[in-house]
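The structures considered in this document are given below.
You will see chain A twice below: alongside chain B first, and alongside chain C after that.
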Partner chain A sequence: MSRPLSKLLFKGISGFPAACSSKIVSGSFYQNGMRYSTSVPNDSDTHDDFKPANKFDGSGLSLKELVEQDVKDNPVMLYMKGVPEVPQCGFSSLAVRVLKQYAVPLSARNILEDPELKTAVKAFSHWPTFPQIFIKGEFIGGSDIILNMHQSGELKEKLKDIAVNQEKSA
Partner chain B sequence: MGSRGGAKVLQLSRASRMRTKLQTALEASVLEIEDVSHQHAGHAAMRANANNKDGETHFNLKVVSPKFEGQSLVKRHRMVYDALADELQSGLHALSIVAKTPQEIGPK
Partner chain C sequence: MGVTKEQVESSLTSKLNPAHLEVIDTSGGCGASFTIEVVSEKFEGKRLLERHRVVNAALEEEMKQIHALSIKKALTPEQWKQQQESEKPEPAA
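And now, the complex of A and B:
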């Protein structure tokens, strides 16, 4: 099940033009203290580590509640196209690259895998495009805004206490 | 406007509709619209939607508007998205937005 799927995925990616194929090379993803979750279906072949942190099958949570919980529980929550190591669009790739400049835990869901989640996130933030970034429960915006905040130093300020907390708990 | 037939209006490109809508809503003093859809032609979402085969899905925008004064970046982007709500409903997929006030681009 997972084998043909991954083949398909790679075939798809290799066919992407430049703007949407900016893959993020990251051998040290976990070593950076980052974690992520995606809305990968509950495939029995899937290792526990790769299952979503919040399962919404049978959890009784509506998608709206799931999003609320995501942004509340995760200091940096990213709704994106693809996963952090393999973003499937240049804008999502840019957002991940910016956030990876900071030593903060990063949580993400892949909205390409779940059209209903995509709709729920859009309705929650009243924002029409992806990626969407939430920091400490606050809606930040998309890739243009996160890049801008990175360049202005505003993002560093915003993430300061998260990075410190991370060090303390480590 | 009066001499323009219905058929012709339908042929207006998305870019020109966007220009009109942004100009009306934001009274922009600078309005640059660049269609970069070709850079995203192989995009998963683009391949899936037959409506998008003519492009006009991805744009870079530069908008300078006095209405952005005192507004956060998120608010400025929301104002742009609000003005283009219909386009976003009908296949406009992504915008890269530079939103400034006249003061911010003015000579220093």
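And now, the complex of A and C:
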């Protein structure tokens, strides 16, 4: 089992330097059927006092609360560069591919779309890089860690009770 | 701009006193991406997430300029020894 995975790792990383620059953000994410959007129009004419307290319309949440709620509500929560269908970085792509080996629901936000969200997530987890993976509210780590846990069988164990509903009997 | 392999090595060496350290610049020259393997006693009793946090903390300054840091191995000297022994080719019979 570990052999094809090392290939997966290699493929995941090999596309990296060119694909990973966080500076390159195109406007094309919207066409990819995003589950979440983190951008809102920024109305610069509004006086600060009348601006919404946060960017997530109507939810009344600060970014920190939003992240808290994300990781609480979503058994597998991924903060990544790009979206699961079209990752914008080799490491995010690797994390998605590892998690897709399991029949678990995957929720994700694209941090390239929102620098403030990016900062909020980093502060929340005390972790400097992306992707960041949370499982059942627990911060797991980045792509190196998720791959390692996948190879060791630890990830299967961790996802067992989430995957169980969808597991087909052999 | 950018961080050199030597800077990464020197920070990790002074903070983690590693028994083994390998730093590879994977950025293609701009110094924004590294892959590392590190073996240190400081990892003793820590799980992987905590070990990565130790490395991230040791590179706090450098991380401001590094976009991608892949930590391939973060092992204790004991684990490192075991791994090397298991990777040794079997002697021919």
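Operating definition for what follows: the second predicted complex is superposed on the first by the 109 of 170 C-alpha atoms of A that agree within 3 Å, B and C clash if a C-alpha of one lies under 4 Å from a C-alpha of the other, contacts with A are read in each partner's own complex, and residues count from 1 in each chain.
FYI, a residue touches a chain if its C-beta (ideal position, glycine included) is under 8 Å from a C-beta of that chain, and two chains touch if they have at least 3 such contacts.
All values derive from a computational prediction rather than experimental measurement.
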item: Contacts of A:Gln101 with chain B and chain C, given as first, second, both or neither; value: neither
item: Chain B versus chain C as contact partner of A:Gln151, first or second or both or neither; value: neither
item: Touching partner for A:Phe91 - first (chain B), second (chain C), both, neither; value: both
item: Contacts of A:Leu112 with chain B and chain C, given as first, second, both or neither; value: first
item: Touch count on chain A, higher of chain B and chain C; value: B
item: First, second, both or neither for A:Phe139, with chain B first and chain C second; value: both
item: Contacts of A:Thr129 with chain B and chain C, given as first, second, both or neither; value: both
item: First (chain B), second (chain C), both or neither touched by A:Ser62; value: neither
item: Intersection of chain A interface sets (partners chain B, chain C); value: 16-17, 20-21, 89, 91, 126-129, 139-145, 148-149
item: Residues of chain A touching chain B in the complex; value: 12, 15-21, 81, 88-91, 112, 126-129, 139-145, 148-149
item: Interfacial residue positions of chain C with respect to chain A in the complex; value: 26-28, 33, 48-49, 52-53, 56, 63, 67-72
item: Chain B to chain A touching residues, read off their complex; value: 36, 38-45, 73-74, 77-78, 81, 85, 88, 93-98
item: Chain C contact footprint on chain A (complex, rising order); value: 13, 16-17, 20-22, 89, 91, 126-129, 139-145, 148-149
